[in-house]
Amino acid sequence: MTAAPSPLPEILIEPVVRAALAEDLGRAGDVTSLACIDADAIMKVQFVARQAGVVAGLDCARIAIVLMDPAATFEPFVADGDHVGAGAVLARVSGDARAILSAERVALNLLGRLCGIATLTAAYVKAVEGTHARITDTRKTTPGLRALEKYAVRCGGGLNHRFGLDDAILIKDNHVAARGGVGPALARAKAAAGHLTPVEVEVDSLAQLDEALPYAPDVIMLDNFAPDALVEAVRRAGGKVMLEASGGVSLQTVRAIAETGVDVISVGALTHSAPALDVGLDAA
Amino acid sequence: MTAAPSPLPEILIEPVVRAALAEDLGRAGDVTSLACIDADAIMKVQFVARQAGVVAGLDCARIAIVLMDPAATFEPFVADGDHVGAGAVLARVSGDARAILSAERVALNLLGRLCGIATLTAAYVKAVEGTHARITDTRKTTPGLRALEKYAVRCGGGLNHRFGLDDAILIKDNHVAARGGVGPALARAKAAAGHLTPVEVEVDSLAQLDEALPYAPDVIMLDNFAPDALVEAVRRAGGKVMLEASGGVSLQTVRAIAETGVDVISVGALTHSAPALDVGLDAA
Amino acid sequence: MTAAPSPLPEILIEPVVRAALAEDLGRAGDVTSLACIDADAIMKVQFVARQAGVVAGLDCARIAIVLMDPAATFEPFVADGDHVGAGAVLARVSGDARAILSAERVALNLLGRLCGIATLTAAYVKAVEGTHARITDTRKTTPGLRALEKYAVRCGGGLNHRFGLDDAILIKDNHVAARGGVGPALARAKAAAGHLTPVEVEVDSLAQLDEALPYAPDVIMLDNFAPDALVEAVRRAGGKVMLEASGGVSLQTVRAIAETGVDVISVGALTHSAPALDVGLDAA
Amino acid sequence: MTAAPSPLPEILIEPVVRAALAEDLGRAGDVTSLACIDADAIMKVQFVARQAGVVAGLDCARIAIVLMDPAATFEPFVADGDHVGAGAVLARVSGDARAILSAERVALNLLGRLCGIATLTAAYVKAVEGTHARITDTRKTTPGLRALEKYAVRCGGGLNHRFGLDDAILIKDNHVAARGGVGPALARAKAAAGHLTPVEVEVDSLAQLDEALPYAPDVIMLDNFAPDALVEAVRRAGGKVMLEASGGVSLQTVRAIAETGVDVISVGALTHSAPALDVGLDAA
Amino acid sequence: MTAAPSPLPEILIEPVVRAALAEDLGRAGDVTSLACIDADAIMKVQFVARQAGVVAGLDCARIAIVLMDPAATFEPFVADGDHVGAGAVLARVSGDARAILSAERVALNLLGRLCGIATLTAAYVKAVEGTHARITDTRKTTPGLRALEKYAVRCGGGLNHRFGLDDAILIKDNHVAARGGVGPALARAKAAAGHLTPVEVEVDSLAQLDEALPYAPDVIMLDNFAPDALVEAVRRAGGKVMLEASGGVSLQTVRAIAETGVDVISVGALTHSAPALDVGLDAA
Amino acid sequence: MTAAPSPLPEILIEPVVRAALAEDLGRAGDVTSLACIDADAIMKVQFVARQAGVVAGLDCARIAIVLMDPAATFEPFVADGDHVGAGAVLARVSGDARAILSAERVALNLLGRLCGIATLTAAYVKAVEGTHARITDTRKTTPGLRALEKYAVRCGGGLNHRFGLDDAILIKDNHVAARGGVGPALARAKAAAGHLTPVEVEVDSLAQLDEALPYAPDVIMLDNFAPDALVEAVRRAGGKVMLEASGGVSLQTVRAIAETGVDVISVGALTHSAPALDVGLDAA
């Protein structure tokens, strides 16, 4: 049994949903529902997954509904992180009809996107099942939605990489170039890092790996290494440092990469290219 | 020659970029560059498309750079809406090295997403080339980025559908159900609409189409019609109302839909499922 | 019986009221009530119209009260859009005395302004009663209050014109000059407009009207036309395009304008010069 | 010669103008100018008063223009506080044509409203010329614009009353009722007031005036006193406390009120019911 | 018995607490509690003063808890302004364990700071007990917390000085220098001040005091006067103007200053250098 | 020679300074300077340390000045992190006199607070000079100023602890209690932590230390250990895990703690109780 993914506090989700509603309502609100739906009409609807996938973002949907109608009820039938089949009812909603219709698109946009990320993540996780490797995201997220998208990765069984530029040092090619080598860059980073700031370095060759190992960074990222090179890297690291494979990872290649023995595989596509899961709102 | 797509005023773009930078910088900023790059280092880099595609969002990249270093220069080599090949240099940047590296991910996240949308849009536009049909987006956009994503659709040659719930009436199944038919719903909408509020109605059968036609809405959306039914709908409408096909549209099916003679084909995937274009920042 | 005016969602009103309260409370709050009113005092008061007029903005008053005292009750006796006589009680309020007194001015400022706009609008609407013409507002609204002021126009029986620069094309003299004529400007606009973007053009002579008619814009605005010229314009348009009269409209002149047969008469004064309705808060 | 009215720091004006532009630009910007005006077009225009009046708010107009085109020039020909005749050119502007047209309505809305307030204030000030009385505003301002509207009152030669609930104690009828009399309310207020918090009390009869005088408040407001009663109040106060007349003040009645010898006359209409001054933007 | 200090309306406190929570929660929330505490765990805790002091800020603590768990209960045992001994329980809290632990640090940071200010203020107030002098704060507050910190001063028995640059005129050395003397500066200020704007002037010698007295400012600040000079100043002022001593005030010197007969003693350290009171959150 | 402390990007500082200015300017701005200083007056002033200390926050002072007068010049004579003596000139400023006086208090409030923190940090750093221990801060910072205050700690030579609840796991007594022991809590945390999330645990006895050591957390915090116990803890840890001493640390006790061999000593007082450094703005 999988543990529930660490949720986001509602105080961090609400401003995103509120801004999304304001963006959609514009300056006159939902003119269609105001014209066609009676002011006192009540509606019972349900969120339905039209495709199989992994659930993420039920809180977003609930908050969108409740911000428009504080008296609405939202009854979830599944939990974030659950795998569901096509046709699964995710939640049932009852409340003011105008409010629900006004919130519908925002709820679906967030739910569809987050379920899409969770579903793609779960596909990668499944592809490496049985190996030692774990799937992780990157900072290639949608501006404004990083916390939510990284939460969706957790829902799909993935691990989170850095949340921003500030919570870990990650030395990349430009930093290496600026300092004249992996070693000097690592030395500088180690000296500057706070005692709770992890240090990771990206290397693009076994030679750079050898240069990095003596500095004992927390993680070494092997960028665009061929599987053979990954195997050799794992051998040279000897379990003394965490190894992360990155670059050119796809559902076709990820298993082979995982089988080289690396610890972590980072996949930008989880957040920058996951298709939305098709979720709809149907009469209940 | 295509006209340049209508740009967004910078005053609408800047807050999005500023928030994205704050989200990425967190509470301590780019600790890696601060550790590894000298305070007075200068850098020359270029944004490079690693895949062929359509450009959108150069302003976002420029603003990200300039917000971090007001003295940086940003020289574009292409314009939004241009089709470029793999390897194309989109823009050259020169400025404070720490600032550029701190802005890099935000610039690329926005640029990659918007180019991705423009590129997918252009593929749909090309697929219907020679027909009467135009490709349009939907409200299935990323919360917070609607204006930018709809701009990217324009860059790809697409048309914009409603920008929000407030700028056109779009009667959908729930509204029809609430009023007891397409006709009563249209009657209510026509009475309520301002003189500058367009009215569109979604129908899911030829019978509903017949019910809608006498009300002369601005647009009738034919939802999930088979090609045969679309042909018949075009015939019945007789050019007196704009017809929009929607539902089940893919790059495989769009040409056949276009050839039925509909005016507009709306494609949610343009914004909810476009993979990011792979854009990188390389040393110049 | 008039239908209730389309309401604004509370999520769009609340931030305006909240900001107004913060503006009034400053950095120390209502120092008078804190000094003179006991912390546990309860108060029963009522909003009273001191002049006859049309009601608009009851939600603003309610939200101001409730933001200061979430436990307060607010019982409305009339609805937005209602015509009331001098002395009419609009709503009764009961709750924490300090909170109510702190919210009073903000509630009255919004209520007075919105009732004032609704009342002036209703006067124009009444003046054209029995003609074909409808009264519409403009974008000459108070910065920050456009959605509320346009709602007040609806409460007075008026129609809303554009909500912003983005939801319709409105070609004015500068655009005509830039393109070298009404025709070329309309041609450009028609080509650029989305399929849901209405196109209106302002003309200042019958010659320009003739130039505009073949392009079939959604609306032609006849700017500062004398009544005779309006009659002729209506004749030339022949019912094929909506005609809007604008410029120099007052309560004295509006009837004559309406009787020319134009469809819409736009009146900037509805929002830029409506005197506030005198509303007070009295002991209940 | 009148001194220039105390200006507002730009840092307080800019957010109001920025929000007004965002409100008007919506999600797609000025679609008309984007369609009809070339991207590189330059424009020379001037702000012109179409009616005589008093100028206020030039900074708002300038900031609106410059926020849309930082390279635009804005050359004022008059200063805030100046009396100008119909047709007076207030400022000349040169810059990007699309930007100027996009900013036009916001600039005019603010300028028209603030000039309107300054002009009405000046009419009241002129009406009491030669008397001892000064004209002051109230807190009956537009939510969100208090600082600007009170500035406009200064431009018209008026004095500012409280800026909010927090910068002076003003005991009104409800406070008096809660404490059981003017005296007890004043006693409570005097004890609670900081040493820099002025204390004012509203009285509605000479008896209440007598009750207030021994407490030596900074100001006594005589609410809805007939001229005779005002004369008697002035006599009783004997110059030992500042007297403010309020209620039922109009341009017709203000002179008689002023001649009673009161120090200050407060006029809510200055801000809640001033018609906008007609200002336009013409080709230069 | 002391009256309760004037509270701040919750609408002014909540945004500060909300922003503080967002600052602490970052992009992933309280990862420790999410890992270690069960989702359904309930917790009973109490806020305990680990040092003797004066209470201020209970509302901040309550709001922090309730923003994280709207269903939590917060039962205060003391009130702001109360003097408590070491070990005193300030309030008991029961609710969702993760929520309480996530809010803990923000609650304690605000409570500790505000109690610290109230406690230091009370020490100064006690030091001058029996004299005529009152203790007041300055504008040397923490950016963003002025309203809260001035409230804490009131909780400690202190008086509030200006809340900002706008609610009183305070002529200091630079203003005097700019106008060429205390007299000309006062003349200018008196002419410019609104009728509800108090005027204070800072003087640094008895000669300047003599220059100021004829202008009858509301307050004269005696800056860095020796006790002898203060005595003489009090004599010269003869009770006709309020005198404020400032500069070089410490708990060691304040009594001697108070005994000179000045009305007010302002102490910047109340807000810029008060050590936090040690408050903790313990199992209940 | 010490390296310069890692600066904060200006984009993170500016909103804090801007909000502080708005808080101080209120609704009418600096009424004193507007009354007493001519509109075209220019001023040359300098920031002067009236006490010896360590500099931090020059950027805040510069931004405050420049936000009020974009044309002002700000010439620093020292850098953040420098130790200066009483009387040292920190920076010279020239510009619009009204603007500079309006910005003065905000600039000084931020500079005084941040220099105060840097100065106190430096005192602790000096006290442990020659030992292995480093001084670190806590999350006991001022709400809204965490990034700035942690930057000031770096300026004083200190190390930064967690920036928020999200960038490291820190297991405290409540978490231990919830899981029934240090071991189970660590097991849970290790399983939940991302690969870049450091794990720290607080222990309050040697027994708990022994329980923690096998889990190899990144850091073990020894809370309120007596020096003897710290020595024993260092012995037992054997250099295999970083040890942090916390609780009851003062300038009197810190050296003894440092000499026990712990790696890090955390001091809440650095940010919650540092007195402001006395900095003034004098004529240059």
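General observations
Order of writing sets the labels: A, B, C, D, E and F. Residues in every chain begin at 1.
The rule is simple: a contact is a pair of C-beta atoms (placed from the backbone, for glycine too) under 8 Å apart; a residue touches a chain by one contact, two chains touch by 3 or more.
A quick note: this is a predicted structure, and the numbers were derived from the prediction, not measured.
For the pair chain B and chain D, chains touching both partners: A, C, E, F. Ranked by how far their CA centres sit from the centre of chain F, the chains are topped by C. In this assembly, the C-alpha centroid of chain E lies 22 Å from the C-alpha centroid of chain F. With centres taken as mean Cα positions, chain F sits 32 Å from chain A.
Distance from the chain D centre to the chain F centre is 44 Å, each centre being the mean of its Cα atoms.
The residues of chain A that reach two or more other chains are 6, 23, 25-31, 34-35, 102, 146, 160, 163-164, 166-168, 192, 197, listed in rising order. Shown here, the protein chains touch in all possible pairs.
Taken together, the chain F residues at the contact with chain A in this complex read 3, 6, 134, 136, 159-163, 166-168, 191-192, 194-198, 200, 218-219, 242, 244, 263-264. Those residues of chain F that touch chain E in the shared complex are 16-17, 19-20, 23-38, 41, 43, 97, 101-102, 105-106, 108-110, 112-113, 116, 139-146, 163-172, 174-175, 177-179, 185, 188-189, 191-193, 197, 269, 272-273, 275-276, 283. Here chain B touches chain E in the complex through residues 23, 26-27, going by the rule given at the top.
Residues 4, 6-9, 11-12, 146-147, 150, 160, 163-164 of chain A are the ones touching chain E in the complex.
Every residue of chain C that touches chain E in the complex is listed here, in rising order: 18, 21-22, 25-31, 34-35, 39, 67-68, 99, 102.
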